[in-house]
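Structures follow.
One chain, chain A, appears in both complexes that follow, with chain B as partner in the first and chain C in the second.
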Partner chain A sequence: MTTRSVSPATKVFREPAVEPRTRAPRQRRRTLPLRRLLAPYVFVLPFVLVFLAFSVYPLFFTLRLSFTDWHGSGAAHWIGFDNYRYLLTSSGFWSTLGNSGVLWLLIVPAQMVLAVLVAVLLNAIKRLRGFYRVAFVVPFVTPLVAVAQIWIVLFDQDNGAVNAMLGAVGLPPVGWLVTSGWAKPTLALLFLWKTTGFVVLIVLSGLQQIDRGLYEAASLDGAGRMRQLWSITVPLLRRSLMFSLVLQTLAVFQMFAEPYVVTKGGPYTSTTTAGLYLYNHITRADLGTGAANSFLLVIVVMAVSLLFVRLLRAED
Partner chain B sequence: MNPTLRRSGRTARLLPRRGTAVVAAALLVTGLSACGPDISSDAPASGNAVLQASSDEAPKGEITVWDRSGDLYKVFDAAIKKFTAKYPGVTVKHEAVDIDSKLQNTLITGTDVPDGVFLDDAKVGGYVSHLWNLKDVLAPYTKDIAKQKVDVNTVNGGIYGVPFDLDPGLLFYNAKALSAAGIDPNGIKTYDDLLAAAKKYQQFKPSAKPIHLEQNAFNSQLQLEMFASQLGTGLAGPDGKLRLDSPQYHQILTWLDTVRKEGLGTRAEYLKPSDVSALDSADEVFYPWAIWFDFAPQQQLTATKGDWRAMPLPAWTAGGARSGAMGGSSFVIPKDAKNPKLSWLFYRFLMFDQAGYTGVYGPNAVYPGGLNTSIPAYQPAADPAKPLFRPIDAMGGQDVWKTAVEAGREIPGGAPIPAWWSGAVDYLGTDLQKMLDGALTPQQVIDKAGKDIQTNLIDRK
Partner chain C sequence: MTALGVRQRKPRPLLGSHAFLLVLTVALLAPVVWAILSSFKPAGEIIRNPLGFDPATFTLANFRGMFQDVPIGSGFLNTGIVLVAKGAITMLCAPLAAYAFAKYRFAGRNLIFGTVLLTLMLPTIVLVIPLLLEMKELGWVNTYQALILPGSVDAFAIFWMRQVIAAVPDELLDAARVDGCGEFGIFWRVVVPAIRPGLAGLGVLTIMNIYNDFVWPVVAASSSRMATLQVVLSTLAQNISGNRVDADYATVTGELLAAASIALVPLLILFIVLQKHFINGILAGSVKG
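Then we have the complex of A and B:
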């Protein structure tokens, strides 16, 4: 409508000034959508590349390797499911999985209870709160090898401080690290001491999300502290606990450094965890079996984790 | 125009794009995962590259050599200065590395591969496909190297390591404690004599459990192999077949089981607090072990420091060999090394040149009296009359060099170390521990460990 009313003179007058104005928006219109389209991909590209290189590629590579008998050099032979068949019929695989299962039972339930109790206490105290929080995290950041060495010295059968204390009250010495009955609990204790601070931090952050009004209301209704803990704190911490549970399950089934340093998987392979068993295949250059082992371990851990997620969700 | 919205809320235009992205990612990943080893059904697992010596009169270049950290690293570091004084054109980058954790990955990926690596003899067999066969360059020296060391580095006729140390087994004993009990160690010539001496000592000191019974699976298998080497055998023969079910292993295991049954053994891990305590209280007075046990009186023991002596191992039958090999290391040269010929030149100097081996074994800043935890595998360097290390004060001034060199000459050959030796610890080492705790008989160890090793290690290679 407006163009029809413009006179030719005006048209001539406006052309030089209008041309750049009208061209520029046209260019922008062409390029902007492309840039907009590409921008998110460009932003996520570094992550995608890192993810592909360090997660997806190793996953597929390992999967491929698990169907071969590769020993680290020369050609690999495609052997189908032989590695999986070997592992699933091997007593070693099941016994190490069993060792990890027992360690899980010794560690995770106790750790969850301890973490909730410690977190509630830390949340309640007013004085030196920062100090206590740091104190509980210190074991988590202490180098594992140093802790392991301390454990070896503390729990030595003949010269350890723990047996010295038992002796002082007339109890006989215990072969903490050299008998298959005690090695697992001793290792579990190390893991508990080392990692409970980390779970406490997660639970503590969950505690701080809980509305204080709920406690006040419960208090007005006459609920005591234990009742509040059981009926308010624990249910509202469910998501933090589920997160910790899955993380710690992964950690226990992948546990490697603790038995490697403290017990070397002994005595009698009683502390050879699933993670250490996997490592043994790799150090023997039996890479195909190691790859199959890692996949079986992933399946087991995923199944256990999903089970927890489902159980805890069902109660939501 | 608004794009058609699906029930899921996704646009029809987005789905093909996502599909394309997924397909592209899958193709990329599949392509990447094909970067691994070739998969074939008939290609040989390894080649057999034989290293040839360089004829260069004035060699030039740089080599990177790996040693494990600790005292030996410092000793080699000092010896390197002597090498570079002789070959000024060669630069040696000496790195202290956790070889066990780094070597395998480095060799598999071919990244930053060193030119030479210090490696336990028990592990050489596991890497041969990545190493140069040194048969030709070692040929002028082979006849002068302890046969046991040539055997442990030999796989399928190739020699894959430059032998470094010889680690003869010796019987370490607390001379002061035995003297107090009226026991003459010179009378211990067979393992039956050792049992009799242990019983006599226990009568003198009822709290004593005189003979060391190793509680670590790896070390106990290593010690078992020392006894076996003394009898001229080992876990596998040159053909790779298992030799565990044999009269020799039966004899050794039965003897160890007897020590346990008769309450004559201290169950402890090599030089862990329990062990040191039993040694220092003179409850444990006999230690059949490699020469490197002499580290204990020098560095670990306090109350009994100076009371210890070494003698040849007892023989299994009267007149038999009085020593076997326990442990040991060699130098290997990876096929992917940048300068393998310079690396050989370096190790040849270190092991077979007088300036080199005296630099390693002779007095140095780390060991002022000389490196005394092993003896050279190169026999011209191991002359009883020309000691490379001085008598050891912590062992009452005993000339351990002479004792060890003479014992080393008695080690029979014929005991190669199979590639799966370390893996056997999970089976044989563990079962041996069970036997020493009274849970298995010697025959059960032989049967069970033999079956497990065959199934899990030999059949899967």
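Then we have the complex of A and C:
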């Protein structure tokens, strides 16, 4: 285990002791690594072919497209950075990015706190543990479109079950999906409901790798439960948290199907996410602008992700 | 020590934990349970009395209406075909490539893996425009190829499997080599058995992703003949949210819930049967400390 950093290929050369000094090894050494040198290329080939055709090629195509005014037919004209300039000065781009930003704020911090809390509790209890784990994964396995449909019916202003419950305790009905103020929180709730279980599992796997002895040592030193959580659990969960943080940030900024099915981006444009805005360019055959929008979104998402990676690394 | 009261206080937080977890569990299960129960209610009752359930009024009318209004049968069939073909490609290509990335050094490894990570960061929709154009070029619009091939080996599957395979000790591989095992033999006889939980996790994740996929099928398979289950479902939802003052509002609502219930049941069953593998698979694939 200690020689982990040495790759298998170099290891062969570095361990002459294993092969006693005979005349033969020289030849065998040559033929053995050759097969081993070729093997990885054979293994990655099927993947690389599909990946080149349906991921890398379209990626470069989009990059080129983003500098043209192409609308899906006829000739494409090279227009330089005009699409980018247009988007960066248009209110539509910024307001949809803002919508995604607000959704991020509504979703991700709450989700991280909730996931750590639930994972720590699940790790501490013994009874009913399996039952809770199953319950937390149920939303994750339900199809998004089905959840979106359930949300439409549940949160209907006039006939929905949620307003019926509010009415039962004497509260006035809320226009969950039809008012600009409530549409975002209602969508955020859908997202939280759908994905928190997955984050719980990721955090749980991080928790299971923490050495129990650390807690025993800490409690001998008189550290309370909260102190242990803050000084041992959270720092050691850093990798899991970073992983989930980046994953969920990507997901929130790419959010498309939820607003597409539930609110169609409305009321007005209050739930038009960055992802949905991108889709709208495509449906209007405004392909050059759509492509440019894609890359601006990638830049934003990468910047945010790298920021998290940096922030969490900085604490080392 | 006991004087500090630490031992005596212990049962209390546990009780609190259970209360907290139970409340969350109810909140998580409620929408699904509510949708399934409501789909068996007369359409008018779902609207008039959304909270109650009277077993005496049990009806299959919503399901009958839904089967008449949308081609849900062909939706299931299309999803099934795509699921088998795309799932097979993913399960064959991803672990093998991930094994090469995790355990071999070769020229171009970092370049290829870097590209994989880059596409992991790309919004899925970024590739929709060029992929659609590519499909048009190939004459694949509204074909199974179009639904199956793009995304059949996505960046996430590679990334996930590499995590899993990296945890297999190198000593195990070297021991197999000493025993005269070929390079592919090592993958097949040593690595695959060692990563079974991770493979199961990938399998269930893949099935879920394909079953739930929505964005690409909406674009690539716009004809109703090729529509997958999720696309069929979304057209129902369009009826209801697009036209709020529909005279048949109650009927559409009932059919919507019937459709949602029928769509979530197969995966729920699959998950409940395979839950142990699924959860262990995710635990195996997540980041190692």
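Going forward, the second predicted complex is superposed on the first by the 277 of 316 C-alpha atoms of A that agree within 3 Å, B and C clash if a C-alpha of one lies under 4 Å from a C-alpha of the other, contacts with A are read in each partner's own complex, and residues count from 1 in each chain.
In this text, contacts are C-beta pairs under 8 Å (C-beta built on N, C-alpha and C of every residue); 3 or more make two chains touch, one makes a residue touch a chain.
The model shown is predicted, which means the values in this text are computed figures rather than measured ones.
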Joint occupancy of chain A by chain B and chain C, clash or fit: clash
Partner chain(s) touched by A:268 [first = chain B, second = chain C, both, neither]: first
Which of chain B and chain C A:65 touches, first, second, both or neither: both
Which of chain B and chain C A:55 touches, first, second, both or neither: second
Touched partner set for A:254, first chain B, second chain C, both or neither: second
When both partners are placed on the shared chain, which of chain B and chain C touches more of chain A: C
Partner chain in contact with A:150 - chain B first, chain C second, else both or neither: second
Chain B versus chain C as contact partner of A:89, first or second or both or neither: neither
On chain A, the residue positions that both chain B and chain C contact, one per complex: 56-57, 61, 65, 152-153, 156, 159-160, 264, 282
Residue ranges of chain A touching chain C (in the complex, touch as defined): 1, 4, 7-9, 11, 35-37, 39-44, 46-48, 50-51, 53-59, 61-62, 65, 117-118, 121-122, 124-125, 127-128, 131-154, 156, 159-161, 164-165, 168, 177, 193, 197-198, 201-202, 204-206, 208-210, 225, 236, 239-240, 243, 250, 253-254, 256-257, 260-264, 274-275, 278-279, 282, 287, 290-291, 294-295, 297-298, 301-302, 305
Contact set on chain C toward chain A in their complex: 13-14, 17-18, 20-21, 24-25, 27-29, 31-32, 34-35, 38, 46-51, 89, 92-94, 96-97, 99-101, 103-106, 109, 112, 115-116, 119-134, 149-155, 158, 169-171, 173-174, 177, 182-184, 187, 208, 211-212, 214-215, 219, 229-230, 233-234, 236-238, 240-242, 249, 253, 256-257, 259-261, 263-264, 267-268, 270-272, 275, 278-279, 282-284, 286-289
Chain B partner contacts - residues on chain A that touch it in the complex: 52, 56-57, 60-61, 63-65, 68-78, 86, 90, 92, 152-153, 156-160, 178, 264-269, 272, 280, 282-286, 289
Partner chain A, residues of chain B touching it in the complex: 25, 28-30, 32-33, 35-41, 43-46, 100, 104, 107-108, 126, 129-130, 215-218, 267-268, 272-274, 277-278, 420, 422-423, 426, 430, 433-434, 456-457, 460-461
